[in-house]
């Protein structure tokens, strides 16, 4: 027969151990003491958390390669609208589960970073009050034009206008992307380069094969296959 | 003066001299500190004793099934996170399993291992926080809950590193996983898994012998084996009532046949809240065993096969199910040849386990009703869908 | 303060109790009234002890003590009766309880 | 009424009204901090005086938190339910505070400043202080009921009913365990009881005193609605019980009343069992006794906080069963043990004792150490066996269970 | 002087409390008024130097009787405790007359010796003496009282019980 009330005393020993332990072993604590931080130095991005004296170093709430918040549009060069990757194909708009993306295609084509004339989004709005950060738009995008941002401090007193991100708010440079998701961005760039190389090789081969038949026609074919996303093959 | 129409067999209100005690009707919920979400119980009390109980739900109904029927197969993957928002990984898995059956996609081995690891981590998260909530419902001032949340936090950090989100992971894809885990993740996971038993020992020391917990939970909310089977109860709750049924063992889906693990269950004598609590405590140990084996056995390779993102399956019917921490979670899909499912149906363990709430609560005290609800382990996202 | 102050106060309280017992129909209020009367009597006892000839004998407090104990018993039984009556008649109205009255 | 009398009344009462509410503020901070640490959190640490615009704050472990809480409470909206009994809704928190504050007067704390005031003001050092203490703490029940009833809320009413049942039941073991001390001292006067324990003659150092202290402490937990007996305000069951419908300053008053009641009942426990103000150094510096008294009170409160951080709460029927089937028989048995030990020791000497001195101490003086050891072991053994037996009796019959594993 | 102020205040409270308790329609308010009356009476006992009785008055009347009354009201009337029916009985007028007559009769002997001399000797308020008295000459009374209380307890329980059939053996609570 166990001691009367023994279980209670055992439990009290555990809580006492935790009480004392919380003063000596920082890894017992779950919370960070950031009360010393002035309010204008509070973190804005997921990656900006701790790593200063008095905060837990074990805390893993840091930026990871896959941390995601709301989408952003990538552009390659310095002038956003000249180098925007998006061609307004509207696949993301169609696939977005909560349907928070609204795109209006431009009426005329414009040269993109690669120097090809392409459509571009005349309007690209994301309602982040609806967006649920699922990253489906990123996955279905055949042009790697949309990726996830990790900025989370979006609170605003303007409930409707402030939370509707316009195209120009969404445009971020590829360098910024490398900055917040280095590993993911590097992998993506590598894949794009590989695909491009493969495409170029294919194009070269196709061009060579076509030159034997008819030059003009082959050229037209290559352009068409480039303009059509891979995804549509899958969707068959 | 309302009369108690339906009264549990072990509780008799004898009317003598024309006197009946006036019953107190209390609407517990949908905003009550212990109703686990927006759940309401219309309780009729005779003093402190529950004479009738009517569960009312639907406050969190979001049209999940119909939404999915108007969306491509991939599109409803993030919505499955929101079913049982504690265990998004297993929700994803069940849906992925169903869709993979539908379009016959192979899953790479590394992806399977990672899926097992994620699912078992999810089980740890669910059980540990459930026990915390359960003890909180018993009236402890959050201490076990916060210990549980500290451990949960470590696992959620792992999830965040892998998938970018802590709760709405949205990590599984048809044919594998969305992305591979980052470098060093497996070591961190191993570290967490190695330290978990230390915490469990402390937790057991804090809870399992506490006389108050014993007296509060033993003999309370008994669920008989027969009722459990005929009501379709699954998961730890069924095993606590003495039925050895675990889909991991029955279906051997994915690569569960490669691991050595045991399924704890009771002899079915009692099936009370204490049994449900203990079965979960024991299950956590087994999950750790699986995790250790999986972390040791995982190899290199791709995590996503050559599966298409958007597809049009041939007309077919499939049912994919996994052993979610709360019980059998199944997805039933009917494809009609379009990119959208013709019918999309979820078999949520929470809802079906909840159906026996009334049978378990009648004749108990109002405080027991709270802990019985806690021991069922419901998440309203899944109940209401 | 003299003895008479207390005696008059006690008489007044007693009569308030009496009035309640006579005029109210509710059995529980009648019980209140009885209590008030008992307390008025207790006040008298203590006052007589305080202003009496031989306070050292402690008769007043002792008597009051016994009276309080008896009153407590009386309340317990009285309330039990009220509840029993309520159960029977579904009312605590004293005028309903007239089954022994000749019609 | 002379000016002097008024001055003396103020001297006697105002310090109490200042010291204990201040201690209350400190205790809320202590409780939050200790609970946080038990739960591996940090607890309040932010409120303080900012030194510069960018960081730097004189926060002193968040000691400003109670003040911030108080200000917050003061400015919150006072919400009264539409159907509530407005008068009683207002009176209940006040009534909850009054008895708690009142009984503080009965504690034999020897504040240095009350030594030179008139005797008539010291009237609260009553002959029957202990019995008055119990009488007046019992009034708390009424406030709780008033709050529960006046709120017109079913949860409040359930909480009020629970509170009444609980307080009435636990008052009995509380009083019965205090009776042991009264028996040993032969007086109901708190100051005399404290004096009888001067030096290290604390009653907790006797077997029956120890048992009575444990019973008293458990019953005190129930009287003050502390965990694991916090059923009247069980958050997970009945929201907040009787103060569900209270907000703002009324809520704060309830809170204050509850903590003051904690101080009062701990103070009584200190008086009865832990030697009052006795402690090292009191002989040399008399004012130290006040410090010792408060230190002992805080030691008890620390245990209360510790229990609160550890234990879940009982169910309502178990709570009543615990009082009536466990604590009550044990405390009665304890009285019997103390009484028979007294007779065993006394033999024929009982008539020759000085009535003005603690009876038991006179008997124990010069007693054989073997006899003392025998008494200790015997008394505690009997009590332990009885407790175990009662526990077995009152425990619900549970069928044995077994956990199996399927491979 | 202070004693007189206290007396007048306390007696005013007592009379008001008693009146409200007797006349109030809302029973719960009535009980609380009754308790105020008890408390004022306890103060009067203190004024008369019977401090033990004052403590017992609070303990028994407010702590026990009051609570018991509250419970009885909760059990009989609806939660509100409002007794909405006609509150006075049919013969209320004669009741009033009789009460007033009794008051006059009680008052007569007191008025006859109107100015009474102030009392000189103050009794010894010691509780110890009371305890000795209880143990020495009145021990038999005490025992009989204990018996009476036990009998009342049992009687009250049996009178109020009978709502439920005794539970069968082994059936869960």
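We just call them A, B, C, D and E in the order they show up, numbering each chain from 1.
Assume contacts are C-beta pairs under 8 Å (C-beta built on N, C-alpha and C of every residue); 3 or more make two chains touch, one makes a residue touch a chain.
In this text the structure is predicted, and so the values were computed from the model without any measurement.
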Q: Could you tell me which pair, A-D or C-E, is linked by more C-beta pairs in contact?
A: C-E
Q.
Comparing chain centres built from Cα atoms against the global Cα centre, which chain wins on proximity?
A. D
Q: Please flag the chain sitting at the greatest distance from chain E, going by CA centroids.
A: A
Q. Measuring centre to centre with C-alpha atoms, which chain is farthest from chain C?
A. A
Q: With chain centres taken as the means of their Cα atoms, state the distance from chain A to chain C in Å.
A: 83
Q) What whole-number Å value describes the gap between the mean CA coordinates of chain B and chain E? A) 58
Q. In angstrom, rounded to a whole number, how far apart do the mean CA points of chain B and chain C lie?
A. 63
**Q.** Gap in Å, rounded to a whole number, between the CA centres of chain E and chain A
**A.** 78
Q | In chain A, residues with contacts to at least two other chains | A | 8, 11, 14-15, 18, 28, 30
Q.
Can you pull out the residues of chain C that are in contact with at least two other chains?
A. 87
Q: Scan chain B for residues touching two or more other chains and write them down.
A: 17, 19, 143, 146-147, 150, 206, 210, 212-213, 219
(Q) Taking the touch rule as given, give the residues of chain D at its contact with chain B in the complex, in rising order. (A) 35, 38-41, 154-155, 157-158, 162, 227-228, 230-231, 234-239, 308-318, 395-407
Q: Over in the complex, which chain E residues touch chain C? Could you list them?
A: 3-4, 7, 11, 14-15, 18-19, 21-23, 27, 30-31, 34, 37-38, 41, 44-45, 47-50, 52-53, 56-57, 60-61, 64-65, 68-69, 71-73, 75-77, 83, 85-92, 94-96, 98-100, 102-103, 106-107, 110, 113-114, 116-119, 121-124, 129-130, 133-134, 138, 141, 145, 148-149, 151-153, 155-157, 159-160, 163
Q: Spell out the part of chain E that touches chain D in their complex, as residue ranges.
A: 1-2, 5, 28-29, 32, 35, 51-52, 54-56, 58-59, 62-64, 66-67, 70-71, 74, 79, 81, 125-128, 170, 172-173
Q) Which residues of chain A touch chain B in the complex? A) 2, 5-8, 10-11, 13-15, 17-18, 28, 30, 59-61, 64-68, 95-97, 132-136, 139-140, 148, 183-184, 231, 234-236
Q.
If we count contacts the way the header does, which residues on chain B are in touch with chain A in the complex?
A. 67, 71-72, 74-79, 143, 146-147, 149-150, 153, 157-158, 160-165, 168, 170, 173, 178-179, 182-183, 188, 202, 205-214, 308-312, 339
